[in-house]
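To start, the structure itself, in structure tokens.
Chain naming follows the written order as A, B, C and D, and within any one chain the residues start at number 1.
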Amino acid sequence: MKTVPPAVDRTLSMLRMMLLIRAFEEKADELFALGRVHGTMHLGLGQEAVATGVCAALKPEDYILSTHRGHGHCLAKGADVGRMMAEFLGKETGYCRGRGGSMHIADVSGGNLGANGIVAGGLPIATGVGLSIQVRQTGQVCVAFFGDGAANEGAFHESVNLASIWALPVVFVCENNQYAMSMPVRKSMRVARISDRAAAYGIPGMTVDGTDVLAVYDATEAAVALARSGGGPTLLECAAYRYKGHSKSDRQRYRTRDEVEAWRRRDPIAQLRARLIAGGVVIDADADALEAAARSAIDAALRFAEESPEPDPASLLDGVYA
Amino acid sequence: MTRLMSYAEAIREGLREEMRADERVVLLGEDIGVYGGAFGVTDGLLDEFGDRRVRDTPISEAAITGCAIGGAITGLRPVVEIQFMDFITLCMEQLVLQAAKIRYMFGGTAAVPMVLRTPGGSGTGAAAQHSESLEAWFAHVPGLKVVAPSTPADAKGLLLSAIRDDNPVIFIEHKLLYRTKGPVPDAPTAVPLGVADVKREGADVTVVATGVMVPRALAAAGMLAEEGISAEVIDPRTLRPLDAETLVASVRKTGRVVIVYEAVKTLGIGAEIAARIAESDAVSHLTAPIVRLGGAECPIPYNRALERAAVPQEEDILTAVRRVMAA
Amino acid sequence: MTRLMSYAEAIREGLREEMRADERVVLLGEDIGVYGGAFGVTDGLLDEFGDRRVRDTPISEAAITGCAIGGAITGLRPVVEIQFMDFITLCMEQLVLQAAKIRYMFGGTAAVPMVLRTPGGSGTGAAAQHSESLEAWFAHVPGLKVVAPSTPADAKGLLLSAIRDDNPVIFIEHKLLYRTKGPVPDAPTAVPLGVADVKREGADVTVVATGVMVPRALAAAGMLAEEGISAEVIDPRTLRPLDAETLVASVRKTGRVVIVYEAVKTLGIGAEIAARIAESDAVSHLTAPIVRLGGAECPIPYNRALERAAVPQEEDILTAVRRVMAA
Amino acid sequence: MKTVPPAVDRTLSMLRMMLLIRAFEEKADELFALGRVHGTMHLGLGQEAVATGVCAALKPEDYILSTHRGHGHCLAKGADVGRMMAEFLGKETGYCRGRGGSMHIADVSGGNLGANGIVAGGLPIATGVGLSIQVRQTGQVCVAFFGDGAANEGAFHESVNLASIWALPVVFVCENNQYAMSMPVRKSMRVARISDRAAAYGIPGMTVDGTDVLAVYDATEAAVALARSGGGPTLLECAAYRYKGHSKSDRQRYRTRDEVEAWRRRDPIAQLRARLIAGGVVIDADADALEAAARSAIDAALRFAEESPEPDPASLLDGVYA
């Protein structure tokens, strides 16, 4: 899968990004525990390498469509942490003026066309973004993130098929975290790899280790290159794992502690950190410093969010229509 | 004899009793097995009835719905859970073009005895795609029946009737009601479909409320009583077929009506209720124009204060009733 | 200056003019290319604009709708054709949970300028799954606009406005109207969204009619005139936002109203129209209860006589008006 | 694909059935031309071998779900021609009391759970029929017919996946007649064979010559045996062609006369007839007699339909609810 090893600075910035995503979600978890989050949320702790590796292979003008588990995608695509935290807490300064919240954070100007509360809901939309790129001939690419469970929705089938026949510049990135809520992948489909489904559309399918950010980056780079050159879509499956429950109501009866532990031993951040230290790129102290920097960036973001005003109830109907 | 139990427990008990009584009843849905359902309603049913009758499905709402239809026309009585009412938007073709029409299109030679359970409503911070109140869509469709209980006893009683009914029934639960408690008869007690319930008698004004608006209307009626306003609170319970006569009779008596519902005001169930009253003789008994109190004309926002402002609250009901009394 | 042209030709001309004027307008749909569309509306557009802008799609209604949404939020102005309105049941999630809500959920940072054209209605012997009138569902959804023209000039004029609008617009055509002819202005003449049209002035009774019921109501009004009954016929044209004020003003004047629509009576657009009148001051001007004339509470049957009996006909309008005049 | 050659009498009855289907549809076409049919209709002239070969491999108690192009399926599953013609003409004596018409003919007691006006609309329902068979342990099988165009609907994907993970006794029979209305298969999907899509569900996929009724029969027999034995679904593609336009409004600009002619030279009925004559099973005169018999059966059916009453408008609301 590996082509040339990505430049060291890029690798370092991927480490920084993964640390930022983790710090954001650990803070989110903490805030929820303190009863300071309205509603529910979906954490991607353990999946940081997928969002990071994929978005690192994109240009700022490229698009992504995200999911309900989208904090990582949003940050990796370059969102401002403060406005994101503000949206997470429903503040007027948030990306969606507090209307969207965790499940709908969108950074349209930054190319993130939105998290989505509907499983596979972003996939049909991704075909349209691809069509728009193709019709306007802008040379951009669109990445559509979705989960293993989403691969069983009709929308997945229709969308990948449409993108394939029109050779749209869309990369379908399946974040296979082994479960759809309580449903294990092996029980929800009779194929060994979700990327096997690429065969139904005559497009390339790949499965990579989603805990290895460099592997994810390289695979995405190849898929993006194909898409930009008019070669059409790729189905890229990234195998990873979510450490936390599906959402806040999850008692996790469907999996064992041992399974969780086994995956935690493959932690994407620890992996890269060890690799960089072994490669002599950084020493422990540098890595610790990066981690501390991520934490303080999140603290600053939280302060911004907390100091931000709540939306005015009188603005309830703003933005229903253009 | 009755026991105090929650709305969710009452639904679970109804499912359990019908599954014990009738081998043909099977459950289909996402995470209804070991997870117990997103809101815990089916908790424990997998253990009791096994995975032959309690089926965790992939995330494939259209196929799940069609699966229930196919089972229903060939001898099963499936009960489907759609995790949030919003996702029913993925079932519309199977529900409306197939389930609702099969019997008629086939000249009465088939029946589709199935129930589709789904939680609707806002108030949980779930935002625009997990807070829909779409019951009016289904009440517009001949061939379907639509039920929306507001109490534990109604929830269980209407569920028994829905499962025993030979037609497709959309059974609408409310997220905010799952934990509310109320008395439920010890013995299985079916509540007939198509019969409204006068939750509180009154003489001055009729308040028609559905779902979570029923407890809000009752709370408001309590306060209004202290102001000397006697409000009659009626819960249609079944939205299709609608027991319009009970509503019209009350308006004939009171001459004033406030219709309270959570769904978007325009073309929500309150539109049909207002129209039924306006085409009846009761229209001539009106001493004030009909008042509809429905959801705001916007998607449900995430922010807590905005979310609250988007649907009728107790204080809105008080204001509206005082206004019609003043008119 | 005007020319006489058919409803279908008027829509085609509207599409052609907007495509010539705006590169961003693209067409998506099943068999809209070489086939020219199931009803021939897009005939010739592939030849003029090529397959980059006129896209024949696979049979994938959800993806087609999402494709329009994605195009709309990134710089295109897609116009989708859904071959029969019935199939829109497969687009509900994308239309209602995505297209209608994206702008609001995103705090106003995105717009979804798309049009979804689709033919509704019965009368062609297409039976229960090809004869739906589902406009009320969409009129219930904030974020969507809903248009239903009844004449060639309105069809073209409203289409121009719909394509130029920055919101998702559901554009409902009627199969029985495609071949009807009428005068259409030579110059591109947009008809504003949200404005009802008084198709015939009258003093004794207000007849509100939509879609194919408009010509039926006008024919009935002609006969009623001979009986000395002066009926005012109003076509709302846009169902969301609904121009209620024009309707209410007419009822204030006439004191009598008959609302005629093809969709199933319960919760069809007539329910909202009746409710708007009933909550307005016009209710006190009513000299007879409001009358709704809607489709029968059943799927559309195949047999010609049954199909005809399932929706309001000219004679039904005559009877209804005579009844309210007698009241 | 062939295992043992099917018994001669079965082959003869398949010839009879194909002749009956053709006679029915030629009559339908004639009636339409005479303006005696309300609405539209979809003829399967040229596709008789698919319905016939598939249904010949089923037991009377097995189920089928049909399509908008379902006359052949209905007759092949054993429907009474008279009641079917009556439904086609919207008469009270029809299978659906005239409420359904051509697009909704259902013979529920005969195991035909209905034609369907919605492309792929029968596929989700088929999974439920399979579930019902599995739960009630009746040993039946359900065949779901659908077209090449239907294979691009989300319902296809969700249904085949569901049937595969639960090993439901459903056989998915794709009648690939090369076009979905005006859309050629090669433009609507990027795979060579629709049966290639079986790989996305871990189930067997086969493509057979849908103009060879014996090949269709043998392939179905194998798929049905697998399904009955608990082996789950099969995706069986039958390649055939429709001689007539998609429906009555079709100017057929999307295909050439030559293409139609080439397929007509492979006519399924002529093929089998020649084979039986070559095999000495019948002589020309016998075959002509069978054809005449089919025609007169249709004439009798038409007389029955014509003499049948129209539904009473007062019965409009019958059967909306049970």
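By definition in this document, a contact is a pair of C-beta atoms (placed from the backbone, for glycine too) under 8 Å apart; a residue touches a chain by one contact, two chains touch by 3 or more.
Please read these numbers as outputs of a predicted model, since none were measured by experiment.
Novice: Going only through chains that touch each other, what is the minimum step count from chain A to chain D?
Specialist: Tracing touching chains, the least step count from chain A to chain D comes to 1.
Novice: Counting in whole Å, what is the centre-to-centre distance of chain C and chain D, each centre being its mean C-alpha position?
Specialist: 36
Novice: Rounded to a whole Å, what is the gap between the Cα centroids of chain B and chain D?
Specialist: Each chain's C-alpha centroid was found; their separation is 41 Å.
Novice: What residues in chain B touch two or more of the other chains?
Specialist: Where chain B meets two or more other chains at a single residue, that happens at 58, 60, 62-63, 86-87, 90, 93, 97, 104-105, 127-129, 142-143, 296-299, 301.
Novice: At least two partner chains per residue is the criterion; list those residues in chain D.
Specialist: Where chain D meets two or more other chains at a single residue, that happens at 96, 98-100, 104, 116-118, 121, 152-155, 158, 161, 165, 187-189, 320.
Novice: So that we know how the chains sit together, what is the shape of their touch graph: line, ring, star, complete or other?
Specialist: Per interface graph, the chains form a complete graph.
Novice: Going by the contact rule set out above, which residues of chain D touch chain B in the complex?
Specialist: For chain D paired with chain B, touching residues are 63, 65, 94-100, 104, 106, 108-109, 113-114, 116-118, 121, 123-133, 135-136, 142, 154-155, 158-159, 161-162, 165-166, 318-322.
Novice: Once bound in the complex, which stretches of chain D touch chain C?
Specialist: 37-40, 90-91, 96, 98-104, 116-121, 149-150, 152-154, 180-183, 187-189, 249-251, 253-254, 310-311, 313, 315-317, 320
Novice: Going by the contact rule set out above, which residues of chain C touch chain B in the complex?
Specialist: Those in contact with chain B are residues 86-87, 89-90, 92-93, 96-97, 100-101, 104-105, 127-129, 132, 136-137, 139-143, 240, 242, 263-264, 266-272, 274-275, 277-281, 283-284, 286, 289-292, 296-299, 301.
Novice: Across the complex, what residues on chain D touch chain A?
Specialist: Within the complex, chain D contacts chain A at residues 152-158, 161, 164-165, 187-192, 196-197, 199-203.
Novice: Applying the document's contact rule, which stretches of chain B touch chain A when the two form their complex?
Specialist: By the definition above, chain B touches chain A via 30-31, 33-35, 38-40, 56, 58-63, 86-87, 90, 124-130, 296-299, 301-307, 309-310.
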